[in-house]
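Chain lettering (A, B, C and D) follows the sequence in which the chains are written, and residue indices restart at 1 in each chain.
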C-alpha cells in the first residue's frame, strides 16, 4: 500500500531521518503558504513516479509564483490519479545524490537493502545499462542490521569522513523503519548531500503491508488508513470494506457476484474474453453469512453502471441452499429490476434449486429477470448470456452523469 | 551487580510484571506507613538470601505491630550487610508457587531460562535432591523468545486455562527485561498464584551487568547506581570510583599499590600467605597518568587503617620513570609519614631509579621511610618486609574510632 | 501413497476451538482424516468433535508422537507464532489455512521452516485433499473424485472448478493442493510439481495460477524437465494494476505479477496453456493421448 | 611457526586512531609486527605511524586481502560491532584489547565467531606475543624472551611477572597469550592449551588463573590428556566475595569462581600448582626433568 511522499516523510521524521522543512497544501489550506520560505520546491503528491517529466515538480522564487504553480498542479491528472495535495519543501542545493532502499526480495524470500551511487534518476533505467551500479545486501527475515554493515554500505556509496557515519546512521534508520512498520519497501531516491554539507532524504517512497497495519495503530493517528496498493478507495469500495467485502470497482456494466477470490479473478477474464465489461471484482470469502451475501448483491444492484449481474456459486464450504436463500430474501425485500444470470453447482445444489423454484412460483413478477443454471451448463455459456442480456438493456437506466461520485476518479 | 528487591520490583513494574502493592520504608520515611493496608508483609532489604530464616521477613496485622517489627529489622545485620530499608507488601494468600529465572549460562555461553514447579524454597537445595525438578530452556545470545516458547514453559510449569496465557506473558516479560537491561540474572522465586486467582512476583532478584549500565540511563533516574556485585560502595570506594580507580576496601593494614588488576589480586594473596593483612585491592589500569598515580597513593596514605604501603611496578606499558616521577611528586607535596616498601622493574627501570635516588639525596627526611627494590629482589621478599614494617608501627596512628565512616559497614 | 497426506497421516488442528476450525474438524473427521488432537492455548482439556484439545503443540505431541502434519487456523496475528510452535515441536508439514498473514511474519516463519526442513503449505491455502483418503483444510469433499490428475492452485474456488471440470470429463484427482492466496507462500509450484512428477499415482498435472508475485514464473523452468504433462491456467489477464483482488497476494505491482508475464514464462518452458476452465479437461486428454503415442514407438 | 601469530602474520588495528591504539601501533611496528592497515570509521585516508587508516574493515581487506588477524582497541560500547565487522569481513583471528565489554554483547559476538570458525581472544586481553617474532596488543617487549615455554594468563601484569620469573631462571617463551580479564572470553584455556600441546616449539605450559568465572575449571579435564606438563598458578585465594577486583571478570559470585574451586579442579586433573610467582620456574624445571627421565627408560 503506497504512501504519499508527504506521508512517508512523516514516518521518516518519526525515525529521525532528515527531510527538508515542508508544508502540505491542498485546495482548502492555501493559508499554509504563509509558512513557506523561498526558493521552494513544489511537488504534486501522486502514487506514481515520473512526476518531474509530468511537470508536477516545480521551483518557485516567491509567493505569487508558488500560488500560480500550485494552482496549475492541483487537479492535474497523473496516470489515473488526480493530484489533490502538493508538498512545498525548502530548496536544497545538491552536491551529490545517491539511492538507497530496503525491500522484500520475493524471489529469494529475503530482506534486501539496495544502494547506488547513481541517485536521483530512475534506478531501473540505470541498472538496465549498468547492473553493477546497484549494490545489494541481503538479510534474513527479521534479521537486524548491525552498525558495521551500515558503515560498509555507506563506504560502498563513496561516503567518507563525517558523511560516512551520518549516512550509515540514515541507512540504519531506514532499515529499522522498514522492519518496524512491516514495510514492503522504503526507498529514498535521491538521498542528497547538500552544498552546505547536510544530508537529506529528498524523495520518500514507502509501501506498507496492509495486512500488518493492525500492529501499527499510530498509522491511523497519522491519518494513514487502508487504500489500494496504488490509489484511494472509491466510495463504493469504502462501503464494501466497512462490510468486510473485498470489492474493487471496474469500468464496465456487468456486475460480478462470484464465490471466492480466485474465481472472481477468472470471471473478470472470461467476461473480457467474450467482449463484455465487468463492473467490479468481488470476493465472498469462505462461508459468507446471509447478510453478507445480500450486501454483496446490493452493491451491484445499487450501482447505476451495472446493467446485468453474473452470479456463480460453487457449493463447497458455502452451501448452495444458503446462497439461494440469500438471493430470494434480497429480491423479495429490494425488488431489483436488473437481470441476473447465474449458475449454481455443488454442495446442496438440489436444495438450493428447490428454494429458487418455489420463490419463482410464488413471486413470478419479481423473479422474471432471474435465471439460475445448474452444473450441466458450462460457466462460459452463463457468462456469454449475461453479456448478451446486458447489451439489450436500455441506457436510461445508467445515465452517465451519475458516475462521478462513485467510480474511480479517472 | 545485585539490586535490592524493591529496586528489582521497580523494573518489574516498568515491564508490567505484576507485583503486590508496596511501600519502602527507611528510618527517615516512617510516614509512608500511612499508605499501608493490613495484613502486610515486612521484608528487610538485603543483598543475600535466607532472609526468612534470619527473621527479616515478618507479618503484621496492624500499624503498631508493623512499627515494632520494622524497628526490630532496621539496623539488623544480614551477613556483612546492615538492613537500612524494609519493603512492606500487601499479604498474598498463596495457592501455588513456582520458580522462574532468566540468566547467563557461563559454561555454555548461552542464555538460559529456568523454571521449576517447586517455587518458594531454595532452588539449589531442591535440585540437589531432584535435578529433574529444574527445567532448562536454552537460547542463543541475543535471541528473542517467541510466544509459543513462553506458553510451552508455562504449560511445563503445570499452568492451564487462563493461567497458561498469563504466566506465559510474565515469562515473556521477564525474558524481555533480562535482554532489555543487559541482566546477568532475573529471578522470581516464588511466582505465585494467589487464592483469589491472581499472579504475582512475590520476590524479585536482578543482577545487572555493571559494564552495560551506560546503555540504560533510566537506571540512574530510578536511583540505581553502580555498587559492588553484592553491597554498597564505601565512601573511599566512591571517591576512587569517581577518579576512575578500581579500588576495594579490605580489612587489613597493608596498603597495596600494585600495577594491573591481575597482580593486585596476586599481591593480596601473597600478603595473606605471609600473615599480613591487605587494606585494599587496587588497579592502576594500563598506562595511568601521573595524576591518577598520585591519587592512588593518596587513597592509601589518607586511610588511617593503613600502616605500611606495599608497591610494585612492572614497567611495561606503564614506564618505571613515570611511576617514579609520580611518587616523588606525591611525597614532596604531601609529606606522608607512612613507610613504603616497593619494587620497580622492567621498562625504563634505570631512569626510574635515578629519579628516586636524586629525590632521596635532595629530601632525605621525606624519603627516609621509602624503600624501592629492583628486579633482583624477589617480589615475595618485598612483601614480607612490608608486613614486618607494618607490625612495628605504633597503633596511635590508627585510632579504631575513626574507622566507621569509611570502612565497609560490618 | 499420495503426496503430502494420505489415509495414514496423523494430523493436528491448531486453533481448533475457532468457529471455522471446529466446523472443518467435523468435515475432516467425516472424510476419514486422522486427527490426533487440537491445540488452543488456555483451552487444554476441552473436546471439539470428540478431538482432545491441548494447550500447546508440545503437549499434544507428547501424547501423539506420530502426528506429522499440523493445520493452522488461528487469526493472522498469531499465525507466525503457531507455525513456529509446530516447527519447534517437530511437525514435518504445516498447512496454513490462516489468510492475510503479515508479510514479514510469514517470511520469518518460512525461513525457520526451511532451516529445519519443514514443509509449509499456505498461508491462505484451502488445504490439501487426496480424494478418498484424507483431507486437511476446508476443501468441500463433494467436489473431488479419486483419479490420476494432480492439481495445484492458489485459490480455493479455482481448485473446486478445476476438479469439477476434470470430474465432468471423467477424470479424477490423485491429490489437489491449494498453495494459498497470500503473497508469501511456504511451498511453491515447483515444490509440488516435483512431488507429482515422482508420484506413481499421478499421470498429469493441472496448475492454476493468478496475478501477483512470481511463483508461477519461478516454477516454469522446472516444467521443462518434467516427463508428465502440465496444463496451466492463468487468471487475471483483465485485472487492473495496483489493486488487490480478494487474495492478499493477488496484486499486480509495477511489472511484477501480470498474467501475461506468467503465461509467457510457462509457455516458453513447455506448459500447455488453457484459456478457459472448460478447455482444461480437453487439453489434459489430448496431452495424455500424445504421451501414449510417443511412448509406443519408443 | 608459532601459535596464533608469527613473523609472517599480517594484522589490522581497529580503532587505530585512539590514543592507546596509536601508541601501541608504534610499539608493535618496532617489534616487527606486520600491520596491513588500521580502521577508524570516518578517518579513512589518514595515517597513524605510517599505517594507512581505512573507514571499514572491508575497505582495508580489499587493499590487503592477506590480513588474517585484527586487534580491537575501540571503546567498549563499539566492541561488539567491531568484532562482528572483522568476522563479516573474513578475519580469522580477532584479538580484543577493549575491556569491560557488556556481557550480552560479548556473548553475541562470541557466538557469531563460533558460527564462522573465527578465533576470538579477549576481551581485555593484553595481547599475544611470540617473542622475537611478533606482538599484537600492549605487552611490553622488554619482558619477553624467545624460548620454549608457553604461557597463558588472564591478566596483563601477571603475564609479565610469569615471563619475568621464567626469564630470570633462564627460560624463555614460545608464545605468551593473554586470555583477557573480562567475564566472557572468546578463547579459553583449553583452546590455547590445545595449540601449545600441538606446537613443536613449546615444551611446557604455564597457565595463570584468577577468581571469577569457570574457565580454569572447564580446561582442567583437558590437561589430563596432555603430554606436556602444565604448571598452574591461581590468584585470588584471599579475595573477598561479591566484589570485582579490577578485571570485570574477577568476581566471586556465590560458589562460582573461587580460587579454591579452580585449584581443586586443576590439581585433580594433573596440573602442577605453584603457590608463588618465584616457585613457577622451579616447578617448570622439575617437570621438564621428570619428563626427560620418563622418556629415557621408555
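In the analysis below, contacts are C-beta pairs under 8 Å (C-beta built on N, C-alpha and C of every residue); 3 or more make two chains touch, one makes a residue touch a chain.
Predicted, not measured: the structure shown is a model, and the values here were computed from it.
Visitor: If you check the contacts of subunit A and subunit B, which chains show up for both?
Guide: Expected: C, D.
Visitor: If you tally the C-beta contacts, which comes out ahead, A-D or B-D?
Guide: Of A-D and B-D, more C-beta pairs in contact link B-D.
Visitor: In whole angstrom, how far does the Cα centroid of subunit A sit from the Cα centroid of subunit D?
Guide: Taking the mean C-alpha position of each chain, the two centres sit 60 Å apart.
Visitor: Suppose each chain is reduced to the average of its Cα coordinates; what separation in Å results between subunit A and subunit C?
Guide: Spacing between the chain centres: roughly 27 Å.
Visitor: Can you compute the centre-to-centre distance for subunit C and subunit D, using the mean CA position of each chain? Integer Å is fine.
Guide: Roughly 56 Å separates the two chain centres.
Visitor: Tell me, which residues of subunit D touch at least two other chains?
Guide: none
Visitor: For subunit A, write out the residues touching at least two other chains, lowest number first.
Guide: There are none in subunit A.
Visitor: Quick check of your reading of the touch definition: is the inter-chain graph here a line, ring, star, complete or other?
Guide: It is a ring, because the chains touch in a row that closes back on itself.
Visitor: Between which chains is there touch?
Guide: Chains touch in the following pairs: A-C, A-D, B-C, B-D.
Visitor: Note which residues of subunit C are touching subunit B in the complex, please.
Guide: Those residues of subunit C that touch subunit B are 41-45, 55-59, 78, 81-82, 84-85, 88.
Visitor: Tell me, which parts of subunit B touch subunit D in their complex?
Guide: Residue positions touching the partner: 2, 47, 104, 106-107, 109-111, 140-142, 179, 182, 184, 209-212, 214-215, 228-231, 246, 248, 250, 258-266, 268-273, 278, 281-283, 286-287, 314-317, 345-347, 375, 378-380.
Visitor: Going by the contact rule set out above, which residues of subunit C touch subunit A in the complex?
Guide: It is residues 20, 23-24, 76-77, 100-105, 107-108, 110-111, 126, 138-140, 142-143, 153-161, 164, 168, 181, 183-184, 208, 210-211, 213-214, 218, 235-248, 250-251, 253, 256, 259, 275-278 of subunit C that touch subunit A.
Visitor: Once bound in the complex, which stretches of subunit A touch subunit D?
Guide: By the definition above, subunit A touches subunit D via 146-149, 151-152, 155, 160-162, 164-165, 168.
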